[in-house]
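Chain lettering (A, B and C) follows the sequence in which the chains are written, and residue indices restart at 1 in each chain.
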Amino acid sequence: MKTWQTTLTFDSPRRGTFNITEEICRAVAQSGVTTGLCHLFIQHTSASLIITENADPSVRRDIEYWMRKNVLDGDPNYEHNYEGDDDMSGHIRTLLTETSLMVPVTSGRLNLGTWQGIFLYEHRTGRFRRKVVVTVQGE
Amino acid sequence: MKTWQTTLTFDSPRRGTFNITEEICRAVAQSGVTTGLCHLFIQHTSASLIITENADPSVRRDIEYWMRKNVLDGDPNYEHNYEGDDDMSGHIRTLLTETSLMVPVTSGRLNLGTWQGIFLYEHRTGRFRRKVVVTVQGE
Amino acid sequence: MKTWQTTLTFDSPRRGTFNITEEICRAVAQSGVTTGLCHLFIQHTSASLIITENADPSVRRDIEYWMRKNVLDGDPNYEHNYEGDDDMSGHIRTLLTETSLMVPVTSGRLNLGTWQGIFLYEHRTGRFRRKVVVTVQGE
């Protein structure tokens, strides 16, 4: 068994979900692991990682609709608003989704289901550079 | 250290939570791992995995109540509704719970707390066949 | 590669978030792992683990505000209320956050982002003793 690790950088152009499945597949191939697990960890508290339906973009627009409706931007009851209306909502959205994901590796590939894709979910409305630590462990 | 992996299949009869703790315990015993981690990954975007109180079924009825109340079926604002009123709500419920779980293995057993059980949470109202990839890594 | 495991105990004085980053850093140092993953698992269903902004405590007060607003204590529609108004809300809050966390270990240290901290989130209003199983795997 071995551990392989790298850090990937993604530039988020705006609030929204961005498909990073291909970049993660490439990292798994580089790791040389055949059977094991691939762990992703985003080093931020206003951007997160999700696995969801990768076929129809309307799924991700509806996820964004639910978030906007249930995690208010600029709720007047928030104390923490130094960086604007998307500051505190970004932290709560991150909490409700995932800071890390773990996907099985089988026969040298990410063993995702047919409809699953991996997305970086940027919760801030501006542009940000986001780092994801990828760790692959296995045989 | 070694990696052991298998895929389990579960038939969900309807929307709701189904206790799969025993099947996972059996897989851990088969793996032969004494100290390590057991990872579960559901290969779907409308069914998820949760760890919650395993003693009183009313806990899981109340979780379902919260989900129904906060993640509307057939919200008229959803764009994605090809497969019915439970289509988009199923994706959002999956996002708010877990696509994967990781539980420690200690002395050859799942090291769950006294009140914890592992459940497959089916979010669609029909019948579905769901696959869970189990990976155990350790010594 | 090796697996290292221990159980830490934390006394929660009340509902709220408690920074446990330092205790986890110490466990990682004890493990002797240089490159790998650190897994935390809380053995309870009314307390959870979160990674969020560790600089300004108002972030965690706003998270608690969102939880109180969206996961009602003592909702009259809950069936499960044996241990009081914070019983069922504690289970739902746990579900919406995390029972386990996984953080990369790089150069012998937890590879958290600059603003990330690890917190135990106690959801019950009384005092509780909480156990967290720490497993470190790597080289």
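Throughout what follows, contacts are C-beta pairs under 8 Å (C-beta built on N, C-alpha and C of every residue); 3 or more make two chains touch, one makes a residue touch a chain.
Since the model is a prediction, treat every value here as computed from it, not as a measurement.
Where chain B touches chain C, the two copies mostly use different residue numbers: shared numbers make up under half of all numbers in play.
Taking CA atoms, the transformation carrying chain A onto chain B includes a rotation by 120°, reported to the nearest 5. Work out the mean CA point of chain B and of chain C, and you get 20 Å between them.
Residue positions of chain A with contacts to 2 or more other chains are 1, 70, 96, 102, 137. Looking at the complex, you find that chain C touches chain A at residues 1, 35-37, 50-53, 56, 58-59, 61-63, 65-66, 70, 96-97, 101-104, 106, 111-116, 137-139. Those residues of chain A whose C-beta lies close enough to touch chain C in the complex are 1-3, 5, 39, 41-45, 70-71, 77-80, 82, 88, 91-92, 94-96, 99-100, 102, 131, 133, 135, 137.
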